[in-house]
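First chain A sits with chain B, and in the next complex the same chain sits with chain C.
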Partner chain A sequence: MIHDFHYLKPGTLKEALAMYAEHEDCKVICGGQSLLIVMRQGMIAPENLLDIKHLNELNYIKFDEKDGLRLGATTTHRAIEKSEVIKKYYPALVAMENKLASIQVRNWGTIGGNLAHADPAGDPAPLLIALKANIKVGSAKGERVMPLDEFFVDYFEIAMEKGELVLEVHVPVTQPKTGIAYQKFNYLTNDMGIVGVAASVTLNGGNTCKDARVVLGNAGPTPRRSKKAEEFLIGKALNDDVFAEAGKIASEDCEPVADIHASEDFRRHVIGVLTKRMLKKAFEEAQGK
Partner chain B sequence: MEKRLITLNVNGIDYELYINPKTLLVEAIRDHIGLTGTKRGCDTVSCGACTVMIDDMSVKSCSILAVQAEGKKITTVEGLEKNGELSPIQKAFLDNGSYQCGFCTPGMLMSASAFLKENEGKDVTEEEIREGIEGNICRCTGYNSIVRAIESVVKGNYKEG
Partner chain C sequence: MSTEIKELKFTTFKTNIKYSVINKRVHNIDGLAKVTGRATYTFDVKLPNMLYGKILRSPHPHARIVNIDASKALAMPGVIAVATGKDTPGVKQGIWRRYPELCDEQILPLEKVRYIGEPVAAVAAVTEEIAEKALELIDVEYEVLPPVFQPLDAIRKDAPIIHEGVERNINVTRHIEWGDVDDAFAEAEKDGYIREDWFRTSSQHHMCMETRAAVSSFTPDGKLTVYCSTQSPYYMQALLAGVLDMREGDIRVIAHYVGGGFGGKFELDAAIFCSAVLSKKTFRPVKIVFTREEDFIASKRRTPMHYYIRTAMKKDGTFLAREVRVFTNGGAYTGMGATALYLTGFFCSFPYKWRGYRYDGYRVYTNTLPSTAMRGFGAPQAMFCSEQQIEWMCADLGLDPYEVRRKNAHTECYEVPGQAYIQSCGMTQCIDKIEAWAKSKGNLGPNRAIGVSAAGFMSGGIFNWFDTPYSFSSAVVVINYDGKVDLYVGCQEIGQGSNTTMAIICAETLGVKIEDINVYSGDTAHSPADLGAWGSRQTLMAGNAVKMAAEDAKRQLLEFAYAEMGLNIVYDLDIKDRWVHVIARPERGMKYEDLVKRAIRGKDGQRIIGRGYYTPHRKGMISPAYSYMMQAVDAEIDPETGKITLHEVMTAHDCGQPINPLGLIGQLEGAASMALGFGYLEDQPMDEGKILNPNLVDYKVIRATEMPKTDMIEIDTYEAEGPYGAKEAGEGLTNPTAAALGNAIFHALGLQMKELPITSEKIVNALKEKKEKQGK
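And now, the complex of A and B:
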């Protein structure tokens, strides 16, 4: 049962930030597709609930060929999935959203809420980190921007100070000759991933790897880059053997835990396989550009 | 206990409710307004039995606060019929036997309606229809009869009103 709370409904972002600064023991609700579940389970029982779902100031998709993509925090998953401009410039984002939970959840759930919830099994974070996204947070005192891979601190914990809200996700322009791929492994297509892997590969002319990212989902307390796999890839002439070796490195460079869905060993195995496959897919896409 | 006065527009009618802000949309619809067509299933955004439409988008009313739906157009299964006549998708469900126990039917009808609205005038594949009801679980039919019903509406076998 959900515990009673004091409901705060700000009219503007400025008002929201002021309210958030004023109230102790305050949680923020946007789409609430994850939050209401944990509230119902009694895992959290905040005294105050600040609703920002209706703040249209934060509901936007902006794209500029020099600046890249900017997603306001209250933009829904479905808006991202249906965006023509995202489909054109970041097709991997559309493919990821298409497999995120269900249509109903995507219609109401938001990108800012998903990231702030910081479930290590969440889909957007690994892919956005592979895309080198930044996240903008702000409080009544001011705003700051950090790389998304520094945003996640621990299970459901993020690098935000008291009174700060997620405001925007910024995805820079993808470098030329770059391919991006994400896949999660699960038993039902749209479930949360037992594990997931996002990979980006930038080629340096020919088949040599100029830059790479390997980001693992649900392979530890936070979405995490396998920097060892990335270092191994950069500068190498890419082929299937290199992808397999990078997969092996990634499968050892993570901290998955066993649960009812899979053992630790199985998770490591799948991380290795998915890393290999996603690198190959990203590589082939980069070659085609 | 804190209470708020809110107005919910359900199936074109404004309802004034004096409710605890923790009230879920499904509770407001069923327990406060008294429209019990919308079902309460898993309560964890998994089964889709509680699906309603907000501004013509399908959503799961078990995981939305009623206060968040204020000022929006809510449609429940009771709002599908027009002037006492079943909507095309409801007729198609009847003709195709798209239910057995019936518990998923209201939610399934809402997802199907949202899908049909979104794809009006477009050619859709069976795969797309199946994706359109991805958020709704049916434990009886095996989905085939539901997919057939949606398909028959897409093909124009049923006319509005």
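And now, the complex of A and C:
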């Protein structure tokens, strides 16, 4: 059962940051899609809940051909999924959102909440890291921006100071001749992934890899890049053998743990398969550009 | 089997009767109440002065209860009462009442706990929150005992004893045998083919939308009313009388709406029992609703089985004999597990003719959540093993599996020696239809195949281990002055559409419309005793009782019509669509409404009352009738990740005369989702007896996105024992699916999967093993 708490409802972002600084033992609630589960299971019982869901200042999707994409923290998964401009410039984001939970959850859950929750099995993080996204956080004292792959510290732990909120995700313009792909493996289409892999491939004229990212979901305490696989890829002429080898490298360059759904071995195996497949998919997309 | 049964030969035939209500697509009569939120489930029941109960559960799989100290809980403001085993008459109860040694479960035990989650105390408080907090204040002192979790460990000589006096923890044994098994195997050894395999089937949770729930109200006049979520109000009334030391007649059980049962809700559960005990203690109504987690960890589950099958056939595919040995994980108590043990043994012979058949089943106690009945009642486990082995044997011998099944299939008017007498049977037609369907699909491409499985099921059980003195089903039909019909039945509506089925049969028989019928069920105060909704019994058994009651009432009406119309006695009268008429001259007649008015006046103002009942006689050991089916699953498997994609499930189905085609489709779809889940998703992994996935994130149930297209080809048969030729249609559809999926995987990838659920990981490992073997 959920324990009693004080409910705080700020009118503006400024007020929210002030309240957050002021209250001890205070948790932010946005869509509540992750928070309420851990509260219900009795894993946390905060004294105060600061509701930011209605803060429209943080609810936006902005796109600029030079600056890229900016998503306010309270933007819902459904808004991202349904955005025409995201569909046009970042179709992999739409495809990822399509398989994130159910429509009901996507209607209410937010991108800021998803990233702040820092579940290593979360879908957006690996893909956003492959897209070289940055995250903006801020408190009553000021704001700072960091690359998203430095944001995740441990299981459900992020690089935020007391009083800080997630404010914005920034996705820079993708380089030319770049392909992006993401897929998770699971038993039920809209479940969290048993593992997931995002890949980005940038080609150097022909079939040579100029830049690559391989980001693994649920393959350790945080979403993580397989830098070994990336290094292996960069400078190589890409073909099926290279993708398979990169898959093998990635499957060894991670720390998945066994649970009731899959053993560690099987997770490594599927990471290998998905890495190979996503690299190939990203490669083919890059070729087409 | 006695010769009496042989004399009973009927042939199956189709009648040409045009029905006015039967076989029309009818929406459930309670659908509107449900979709508008007006249906009152137990969860919705709120009585004046009501308390809320919560249950304290054992954290140990096996322990002696040394002492329970509830004083701190009782001192907490808002706590009204705490009940432990000492507050009960201490009766060991069970549903196999004819066999006292199988009545082994004391809800709120006095001496020992035998599984994690077993209730040890219950609190009643003014709010649910207080009741929950009070649980933490109850001190239970346990002496922890060594546990045992696996049946094959529990039968060892040195295993801990779970129930005193039960040696090697063997709870029930079952033996079924006919024909000369050894002789047939000897023949196969000379010039035939014998194959043996071990299989393992997993557990499955019933996953009812509505968790266990009860509101009990004990009043100072010594009477108890219990609202609860049950498949059988009559069983609850009788069982409660036993454990509370009360007269059945002083207990009223009400279950108007039930959110699913699937075999998990016809035993006495802790919500019902503890709320009744607390209400007796406090003289106030007490409500207990299980959380989803409680339902997962402490309501009984599908029986996991270790299966050994040895089968002998001639080289041409004629079946000779089969030998089956099964060890089931019974968990801590008997529940309905004894029946599952029997039925799995019987249905492993299904739907084929064997010269010799021998089954030995052992139900073994372990320190785990008890296992019990679940949709299919042991048959899905049997089919998973049997139908895969048959497919593999056909492949081993290079035989056509359709042809082999056809050759050996049951046919109408067949006797399973000493066990069953089969009247209607459309098995061969089912095989023909699925063969044609599968072949019409052509080549499906790599890593994709159609797998098939035959199956059948009972239409209600003949056995009376409950020891009821009453007819198995009864019904009362009351016709009122305005022509409205009150139908009182004890059969239970649990979402499967039973009330609608009964209304259809009643309306068809009386010759009125379905909207003329009010169905009153789910209340022991007015419903005649009926064993309830389990074992696929209601359409046939309660349907027969309703038909008889309606015929009784109709005969009384027609007596008045004869007199009124002054007919020559050679003419017959009937009623159809509210028109009472001479059969030979349908235009001659009168309105049903007018006849009813006159008849009631003629009876000195008495309403017309018809009575009906049904108890099976001379139909063998198992069931009065059997459904048959052949199912095909079209599945594609990713050979790299093992991921299964389901394309389609097609079933050819013989259920006699369908009563409501819409209800049938609902049953088909529900069964497919449940049985596919059994095939590749659902399981209850445990660590030292603790269930690791007691929530809907980790327990995987098929959702809409995974659900493949399902469809059905109806096979025309008529079952002489069923009302209007109807038989079982719903539970049996769960039986073939896991086997058909296994066979699809066999044909797609050449793998023989012997363990449920067939997860992607198991497929990948099996492929690896296969490659390694081939490499050698």
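Just so it is clear, the second predicted complex is superposed on the first by the 289 of 289 C-alpha atoms of A that agree within 3 Å, B and C clash if a C-alpha of one lies under 4 Å from a C-alpha of the other, contacts with A are read in each partner's own complex, and residues count from 1 in each chain.
We adopt the following convention: contacts are C-beta pairs under 8 Å (C-beta built on N, C-alpha and C of every residue); 3 or more make two chains touch, one makes a residue touch a chain.
For clarity, every value in this text was computed on a predicted model and none was experimentally measured.
> Could you look at A:144 and tell me whether it touches chain B, chain C, both or neither (first, second, both, neither)?
Neither chain B nor chain C is touched by A:144.
> Just checking: does A:53 make contact with chain B only, chain C only, both, or neither of them? Give me first, second, both or neither.
The first partner, chain B, only.
> Now for A:108: first (chain B), second (chain C), both, or neither, which partner does it touch?
After superposing on A, A:108 lies in contact with chain B but is clear of chain C.
> Return first, second, both or neither, reflecting whether A:187 touches chain B, chain C, both chains, or no partner chain.
Only chain C; A:187 stays clear of chain B.
> Is it chain B or chain C that touches the larger share of residues in chain A?
Counting contacted residues of chain A, the larger count belongs to B.
> State whether A:270 touches chain B only (first), chain C only (second), both chains, or neither.
second
> A:261 in the overlay: touching chain B, chain C, both, or neither? Say first, second, both or neither.
The answer is second: A:261 touches chain C but not chain B.
> Of all the chain A residues, which ones make contact with chain B and with chain C?
Chain A residues touching both partners: 189-190.
> Which of the residues in chain B come into contact with chain A in the complex?
1-2, 4, 20-22, 24, 43-45, 48, 51, 54, 57-60, 63-65, 67-68, 111, 114, 131-132, 134-136
> Considering the complex alone, what residue numbers of chain C touch chain A?
128-129, 132, 640-641, 643, 680-681, 685, 692-693, 697-698, 700, 702-703, 705-706, 759-761, 764-765
> Please give the residue numbers of chain A that touch chain C in the complex, ascending.
Per the stated touch rule, the residues are 1, 185, 187-192, 260-263, 266, 269-270, 273-274.
> Using the touch definition up top, name the residues of chain A that touch chain B in the complex.
By the definition above, chain A touches chain B via 2-7, 9, 29, 32-33, 36-37, 40, 49, 51, 53-54, 78, 101-105, 107-108, 189-190.
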